[in-house]
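In order of appearance the chains are A, B, C and D, and numbering begins at 1 in each one.
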């Protein structure tokens, strides 16, 4: 048993650590009042919409950071080698994100490509995948509907075959960034099918006749997910991603891969919250005494989350079944972050409820994490299902 | 023991319930509706009630006696006791529409501004910032000292909710004696300044109030320690009552949604995970309801009630937060959408938990008492 | 709305308060190392079995207390007037128990009669009810079975009609005190019936041929529940309590009435634990600071439990439906007591794990409270069922 | 990173698993069986393993190398590293049978009593009572001072687990310097007395150890601060590993029971309330497993590991308690019966939570560190 990162992974981690120290930390003060739109890697598409000169300023900073990261070889980390990427391990990507999250600057290395797009074949590669790898295009993920989320049997959008085409009708709720994306990964079912059966994934460009982004929807998290409508939207069968009728597996694969990253991000956000709390408490020894045991408890829980995340990622690297591990991480991470933020606000008091305060922001953003990409209830369901199927074999050390 | 409402109490409650359903909840749809199809990037702006609708509602509330509840009728108030006020605020808590009866403490009945306040020409803010930590007066640092014909008050920086108010009620500590005084202050008084007004995460604002040797007349000293404590207890009861309303709304809507939403072939209402969340919430609602009512009843009986009011606020605000959290979770993706009321309740309840006493500090104070006295 | 006790109730409460102060509190030191067998009102039947001279000594003390209580008019409080009792309200009984629980002496006023025995008719009254009222006989409650608890459909003991008799076959698990009781209230079903239908309650004397108490069973709580076996046990139809086929309602009634008392007892036990903690903390100001907020939190939760219990009892006095209220109280009380004890042990440390330490005793005894007479899961089930049936009408003040 | 067990690690684990299944779990039925049909009134007496069975098991454990794990092979030990020991103790935690490999710290390898200890002719107790509060040495009040040819040790009253032991290992503080020394003490040394031996709520005993100017030779000072700290960390890892075993057993048996027990027409395994309990427990088990293994691995690597070992113990002991609590709840009335193992695990785990660091105090220490250093 060996918990060390490999030499290659460790080198990468150190490079990122230096990048964070040299490039990000010095910007933290400046970002304290930055507009709330620089999360993730798709910020640019949305930031461009703004006419705010302030936003322009931050766009420039972020673009300069991108160039520096690229120059240090920190771009295309998780892109497969065949597409010119570094194809680093899941564990390495966790280590990278862990380092990045030590700074409050909402900067990520690109270009992340929706992992299921690597299933592109033939002309799809040039049309959809490469532009994403190069960062020229972005995509939205069209799964959930007004009456369906994690349950495939409720999925109602229909793709009716018509010669070489499919004709798509239905409504999608909550795909984020759909209003600014270049295409959508759309899940629809063949007529007359039930459950997972018949669910098929299509790649459909924005502007395709019959496909409309109807509106974006205000949420507490400031993420503005969208409502999409498909009315007799005709797409060619060459736009099917993977195989006809095998779309649900793609959805599962997409979720699985993200959950470890969700875990380590929540870890980072919670760690920063806890450091802010520590900073407040250092200024007030009496309060420090009163809150110390809670700080310590959360620090311990974060250590637990960290080890859980690394372990799951390592298992993913070994191509083991990680559905339950991913669910463990998603659930533990998002619930823990929720509690840490709640605690931070208790320590900081009402003044931290100012809209632009980092804690208030974290408070608004964290809530939806316990719902999107599979709510906590679905995660617990996945975990219990594995328990009753396999018993405690998950504790048999590999 | 008779826990039935009296005829009068029932009438008050039903009037409020009727007003809230007919005038407020009916307007929620329009208030919550998103105005533009595509949103600008970033966090959505603070919501506000249309000023015209606000005046209209104010008029109607006055007509049915749901205004200035604390004040006696001879100055235009409704002369309600604590229990009646709890019954009313509980109803107003059930709506996300930001409208509630003006709170004008009874001890202002004889103040020169009382009519203007009742009529809505002036507005009042409680500048009780330093009280929010513990729900007691011990952290009050605002200073006053007697001067010829009045007092001079100074404070460096007080977080002020409702920063657009014209009058400020605030506790201060006498230099030397450390005695608490409760003062009424004009925004126009020289030395008063309100700056840095910004939005809160709840749909309200905060500003910084600074007082530099503000001189007030003698009659602006409205009370001492006890009166200031009463303001705190009244606010705690008001918040507790609002929290009960939030809890009721969230529970009722969640039950409704769970009945109709079907996943994996069965309605949510048949899933124990959902049932348990709601069962636990309902227990919480019950205990908070009775604690709040008992505290208010004690107030009306002239019994000691500060400690129970504090406990009621602490538990009810937490309950409301959990109720909103549960409602969001049960509503899934829609739960965090601004067209639904739950995320608004969630933000409001989070703030409420931090006002007039934070949980751990309130617990610490009551724990110290328990340890010292060996009794509950 | 009026939260005051009535004058009569208040007088009773004061009498009990004085009794506790004058008679029980002075004995507390002496009871610190008393044997673990004086809980409840049925202690005598079991204590008599002991040959320990120490036990004899405590029996004498307890019997002296009984006489004093009787002399002060504190006996037969909840016995109906027609049986010579005082028939005080549910609220009054809560007030009485609340006062009693302020002392650690495990003394209760008698004689409590299993409330469903008031359904006795005809010669049953003289044979079963009166001896219980007079304290000459005790009864056991025979409901649960090796494979059944709260679910009537799993009840397998059968009572087959045979002329004027029934012939009973089956096994009962966990009736407490059955080994020393004079008769058992036995629940069995008519042949071929399902669910609640056909469940019938019988009163069966110890020694009846075919009825055997097989053994008592060691538990963590030291309560020694029993296993009963019925093999062709023949009982006359005059031994049916209430109506044939209506036994399940009796079971529900029995449970319902007890739950408010369970609530106020847990309140008292938790309050005493918390007072012990306070006593430890008074001796150590640093520790007092560290644990103060938890003490305060629990004190608040106890206040909440208290008001919940009074409210439910008041509703019971008004003959309103209190099934959900009773479930609220049982659940909240037993879970809270569990947490308070856990906290007390954390403060007191390993030395309080000595077997005879009051905290260790409470720790062992409290665990089964979350299971017996309807586990927490059943309570939550009852609560949610009422919620989905009646919505939030429970918050419409009466 | 390679989280697979090495061949050697796997062998150790399988040997222990095999021994526990074949020698211990197979004897549980007889050990738990109630001997009399009708019990005397009062709390059941403490259970003990039959001494003959204990000797038999000791012999067999020695044969397969599961004895004196910490000691080098030349004195009859197994020379295992921390990770291997965790793998072994985890297996022993899975049974309620009170039997586990003797713990003889490596630093006793050169002591004159080591052979007698390994052979079981003498037994050893850790008199670390004052350490249980925080899991650190700061509360140690036992005093020592150098004397000609050795030291004199005094302590007023130390709670001693395993009070029948012949040798005591204990930390003491030097008068004047406050430096910690780690001492080995004979029960027969003049001034040593063990009194008030009583049962604990777990199936073990406690006594009061008093030391009155006990004189020991120089070679009985086995180490200083670091060595005493290592004893604590090793014990924490041992407890954490046992806790993992308890958790695994409780989870496995609960899954099994939930599959077969039918209520209201469906097996418990189909009820979300049950599923959720077990899902939450399994998450907890996973995190505790990896924290414990990582701490042990760090120890073997010569890296800092005290803080992680403390955290692993804190979380794992709590997890084991919750696992036993869950198993009891799922088994219903049988859960608290002494013929089932769960109530025994519940009592043992409750005690474990109080040994070598209570939760809140451990949290406080790590919290203070976090606050001071601003890092995790």
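We adopt the following convention: a contact is a pair of C-beta atoms (placed from the backbone, for glycine too) under 8 Å apart; a residue touches a chain by one contact, two chains touch by 3 or more.
The structure presented is a predicted model; accordingly, all values stated were derived computationally and were not measured.
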Contact-pair count is greater, between C-D and A-C, for C-D
Would you kindly tell me how far, in whole Å, the mean C-alpha position of chain C lies from that of chain A? 53
Chain A and chain B: spacing of chain centres that average the CA atoms, whole Å: 37
Going by residue number, chain D touches two or more other chains at 271, 273, 276, 359-361, 364
Send over the residues of chain C in touch with two or more other chains. 290-291, 293, 380
So what shape is it, when you link every pair of chains that touch: line, ring, star, complete or other? complete
Residue set of chain C touching chain B in the complex reads 1-6, 9, 91, 271, 274-275, 278-279, 281-282, 288, 291-297, 299-300, 302-305, 307-308, 310-311, 314-315, 325, 328, 331-332, 380-381, 383-384, 387-388, 391-392, 394-395, 397-398
For the complex, give me every residue of chain A touching chain B. 35-37, 46-47, 49-50, 55, 144, 147-151, 153-154, 173-174, 179, 214-222, 224-225, 290-291, 345-346, 349-351, 353-357, 360-361, 363-364, 367-368, 370-372, 375-377, 380
Taking the complex as given, what residues does chain B use to touch chain D? 271-273, 276
Could you pull out which chain C residues touch chain A in their complex? 289-290, 293
Chain D residues touching chain A - in the complex, by the definition given at the top: 1-6, 9, 13, 83, 87, 244, 248, 251-252, 255, 258-259, 269, 275-276, 278-280, 282-283, 285-291, 293-294, 297-298, 308, 311, 314-315, 359-372, 374-376
